[in-house]
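Sharing a structure here in structure tokens format.
Chain naming follows the written order as A, B, C, D, E and F, and within any one chain the residues start at number 1.
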Amino acid sequence: MELHVENLGVARGGVPVLDRVSFTLAAGAALVLRGPNGVGKTTLLRTLAGLQPALSGLVRYPEGAAAYASHADGIKAQLSVTENLAFWAAVHGVALPETVFATFDLEDLRDRMAGTLSAGQKRRLGLARLGVIGRKVLFLDEPTVSLDTFSVRMFARWLREDHLGAGGIAVIATHIDLGMEAPELDLTPFRADPMARGGSDEAFL
Amino acid sequence: MIALLKRDLALAVRAGGGFGLGLAFFLIVITLVPFGVGPDTGLLGRIAPGIVWVAALLAALLSLDRIFALDHEDGSLPLLATSPLPLEGVALIKGLAHWITTGLPLTIVAPVLGFLLNLDTAAFPWLLASLALGTPALSMIGAFGAALTVGLRRGGLLMSLLVLPLYVPTLIFGALVVARGAEGFSTHMPLLMLAGITAGVFALMPFATAAALRINLR
Amino acid sequence: MSIWEYANPKKFIATTTPILPWLTGAAIATLVVGLIWGFFFTPEAANFGASVKIFFVHVPSAMMAINAWAMMLVASLIWVIRRHHVSALAARAAAPIGMVFTLIALFTGAVWGQPTWGTWWEWDPRLTSFLILFLFYLGYIALWEAIEDPDTAADLTAVLCMVGSVFAILSRYAVKFWGQGLHQDSTIAKVGERDPLHASYYLPALICMAAFVLIFVALVLIRTQTEIRARRIRALEARMRA
Amino acid sequence: MIPELGKYAFAVLSSYGVSILLLVGLAWMSVQRARKLRQRLEEVEARMKRHG
Amino acid sequence: MIALLKRDLALAVRAGGGFGLGLAFFLIVITLVPFGVGPDTGLLGRIAPGIVWVAALLAALLSLDRIFALDHEDGSLPLLATSPLPLEGVALIKGLAHWITTGLPLTIVAPVLGFLLNLDTAAFPWLLASLALGTPALSMIGAFGAALTVGLRRGGLLMSLLVLPLYVPTLIFGALVVARGAEGFSTHMPLLMLAGITAGVFALMPFATAAALRINLR
Amino acid sequence: MELHVENLGVARGGVPVLDRVSFTLAAGAALVLRGPNGVGKTTLLRTLAGLQPALSGLVRYPEGAAAYASHADGIKAQLSVTENLAFWAAVHGVALPETVFATFDLEDLRDRMAGTLSAGQKRRLGLARLGVIGRKVLFLDEPTVSLDTFSVRMFARWLREDHLGAGGIAVIATHIDLGMEAPELDLTPFRADPMARGGSDEAFL
């Protein structure tokens, strides 16, 4: 199990955003992406997760091992917390682990309709999905937005012990401190020259 | 896949009656036509097959945007796309769920509405048969249209524009079954065509729908 | 003591519970008497034949279908002005009853029309406005069901009920103007005039009407109590979770 | 016993039948829901007491 | 208020053709009817006034959810409610913008569609007059329905259910103007009624709409 | 100019959430609301802004002086950054100040459609609206979510110098450090007894 990224170039809206990004993560390793707003963190993560095509370069990890999580987490307001998680468990063909409610501090909210949760509670539900589906390679876009410090620590603990400890891999974009040691990668130096070749508009330059 | 079907049905029921509303719209369109056309029962009886079918089509159309747009807005769609389910299967299930919540109830009440429009009683079984056979195609074609426009904010009207021409063959044969039934002619040919369309649509549309979804998710 | 004290949910349940058995009994008794009289012991009419017996379910249900909406309008106004929860819940409780009365009137009218006018359905003004009334009931109920927060639902349905009432009257007028009717005019109110309702129908008809009124009141009370309990369950559960 | 209804038999019988059916159905549903909710309320109130 | 009107029109144009689509839907419904009813021109001519009006109504209906739902989703609505604009004014402007993007273009092309349905030429001016007079009421009543259902996710179908019975008087008088015009009768009375309805709706509905919005924003 | 809150009780979903909240802010003062996820910060801010009715107590500030800002900021994806701001300026009957683009680092993005902005850029646009409409009493719900550290500092500067400095008032809910000194109010002690009277369900208890 390894995530290997080589000379990756990514684009958004037809404009190259990042260029020549390379790194390799072994099982159990995490990488924190840093960089100012608009540098291309979200674009990079979506490309890694296979949700949009790369401009150039190469991404390699075992097929069907990746999961992507962003602000919008596929939470249905009209389903209860348990129903939401049970659905994703069923889709991924796994049983809903009972421990997940304790891990993500959702015990008291089990039967609450997801639509009535507060911002941070909703975020915890979104993260709990990751604990349910058990994918090994996680691409997380600002996972701790709206979480209070206690929940941030709780999430970091889960990531460190349950996910990475079990041989998982994680790439995390964030502006705030996660309270866990992991190598950081500042994306500023990889900014693509907007006039560079590449992108779907290439033929017209 | 069963989980997806169950979830979609549960959502349809909880979101304030997904079942009832498609039906209600069908009923309302059919009752509005006499207000426009006037209370002449002979006239109404003659246009009844066409009106019922156009109303069924519009009722299906109006709820199409539920198929994928909700899942797109809350981010479920990319998650489903990266899940172990084949996207073709997702498309099929989505079309099926739409049919169960709109096409099926609509087929069941159609005879009652036939009365309102003074449809010839001989045509009632044909009305039922044609709707039962034709509405699944409407849902599946609609799922394709919904997939094409899923990225666009409020693509509702654009979707209608794309889907309606695709509905024409189903509409023609469906209404023809009923009209011929009312006049006592053979309904063999249009029924067969209707069945053919539905079978073809279910065989091919899931692939087209999944392709459209993949492109829109990029 | 003000009459508004009964608008307190607990007080409402406490006062209505002892009345309910009597009311229910009276409703069932009058209905049974009225319908049996109407069905077995009335003569055939010259112009309608035996079909005149339908009169005894058709007219009371048609009457109460309209009255139920009127009651909902009054209850909605009370809710909007004085904000008594029971009033809003009573309006909610009355809607399905009104809808069923509308359905009965529509159905009995339709099967009556078949032998007398030769058609199940005719786009006659009176019939048509009943269809519209049915749609109003449907929309009103659907709106109640669709909204999570009970007070929001009460407010919005009250607004809908008021606006809807105006449009219902407007539709009645529009429809009258749009087609000429087959349906006969009201004769009940014309007692003593040139063409009064035959005396042998008058009494059973009156009993049936009383029966429908009693049924309506009894059901509204039962259903309002149920709505109050549902709301209390909701409130308690919300607090237990919190 | 049943009066002679002639060609109106279907109309009269079905209107009485359907009307009674609808009324009884509505009443039954109302009573059933009333009973169910009264029971649930009692349960909830009991639970409430235990939790204080 | 002018700024709001301008913004809504700009959004309608940019969001993939708010103008074109209402129109396109109108056109498509009208072309579908002959497919359903069959190509008998006499029959089509007789039902044309009713069909055109029902189609106009459905076209208006289908775009109603744009009125407030978008502003609700992106949080504009509470911001507008706490802005110096009176909410009644917002409601009025929203109805107006909806009319300009759907009712107006639809009125302008209606004569063309009259040809398609073999409408009597004598009725064309009346068709134009009745649509010009009646469609504003459709938009304003629709704004009320949209305000009632704005809190609900995809309240589209529920909204149709609430709005359609409110449309009945407008529809009856509108179609009556055209039908009477086609037969050469006096259209005085229904035209007057139509004008009365529109005037009344514009005088009162903004208040009801604003009230519904306030309740939903709570 | 003063914001005076006395014995305020707020509810969400018919359930009392906070109770007996009191504070007074003079012109030029800010207050940071703290508290774990779900304690009721969002509910309190919405009540203060007049978007939902209070259960009990009293809120007093000059009429028409308040503005509320949350994650959803009324940004229209199909309008450009300038058009978005110009619209809110017109609604509030003020001219669009040219300085706002520099203040919120939007110079380069002026003509960009708002839909193509990154998460942080969109947030900056949402905050710029506050700079445009010039309301004096601000209720901000997690204003710096998704912002990079540079932008957070920039926003804190604007708040301190341009807003509070000019006699404004601000109540801010946040989980992260804003990099500015302001008194904090932890809401945990104000948690309402869920069985307390009050709330729209009161009559049914």
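Assume a residue touches a chain if its C-beta (ideal position, glycine included) is under 8 Å from a C-beta of that chain, and two chains touch if they have at least 3 such contacts.
From a predicted model like this one, the values you see are computed outputs, not experimental measurements.
Engineer: Which chains make contact with subunit C and with subunit D at once?
Structural biologist: The shared contacts of subunit C and subunit D amount to nothing, since no chain touches both.
Engineer: Using the touch definition up top, find the fewest steps from subunit A to subunit F.
Structural biologist: 1
Engineer: What's the farthest chain from subunit F if centres are computed as the mean of the Cα atoms?
Structural biologist: In terms of C-alpha centroids, the chain at the greatest distance from subunit F is D.
Engineer: On a C-alpha centroid basis, what's the spacing between subunit B and subunit D, in Å?
Structural biologist: Whole-Å distance between the two chain centres: 34.
Engineer: Between subunit C and subunit F, what distance separates the C-alpha centroids? Give it in angstrom.
Structural biologist: Spacing between the chain centres: roughly 49 Å.
Engineer: Using the average of all C-alpha atoms in each chain as its centre, how far is it in Å between subunit A and subunit D?
Structural biologist: 54
Engineer: Could you please state the distance in Å, as a whole number, between where the Cα atoms of subunit D are centred and where those of subunit E are centred?
Structural biologist: 41
Engineer: By residue number and range, which residues of subunit C touch two or more other chains?
Structural biologist: 135, 138-139, 142, 146-147, 178, 232, 236, 240
Engineer: Out of subunit D, which residues touch more than one other chain, so two or more?
Structural biologist: Within subunit D, no residue touches at least two other chains.
Engineer: Hey, what residues on subunit E touch two or more of the other chains?
Structural biologist: 15, 152-153, 155, 158, 161, 164-165, 168, 172, 218
Engineer: Given the complex with subunit F, which residues does subunit C contribute to the contact?
Structural biologist: 8-9, 85, 149-151, 228, 231-232, 234-236, 238-240, 242
Engineer: What residues of subunit E sit close enough to touch subunit B in their complex?
Structural biologist: Residues 15-17, 21-22, 24-25, 28-29, 32-33, 35-38, 43, 46-47, 49-51, 53-54, 57-58, 62-63, 65-66, 69-70, 152-158, 160-161, 164-165, 167-168, 171-172, 175, 179.
Engineer: Which of the residues in subunit C end up touching subunit E in this complex?
Structural biologist: Interface residues on subunit C, with respect to subunit E: 132, 135-136, 138-139, 142-143, 146-147, 152, 155-156, 159-160, 162-164, 167-168, 170-171, 173-175, 177-178.
Engineer: Write out the stretch or stretches of subunit B touching subunit C in their complex.
Structural biologist: Going by the criterion above, the answer is residues 15-17, 20-21, 24, 27-28, 31, 34-35, 38-39, 41, 44, 115-116, 118.
Engineer: Please output the residues of subunit C touching subunit D within their complex, sorted ascending.
Structural biologist: Going through subunit C, the ones touching subunit D are 31, 35, 39-40, 49-51, 53-54, 57-58, 61, 96-97, 100, 103-104, 107-108, 111-112, 114-115, 215, 219, 222-223, 225-226, 229-230, 232-233, 236-237, 240.
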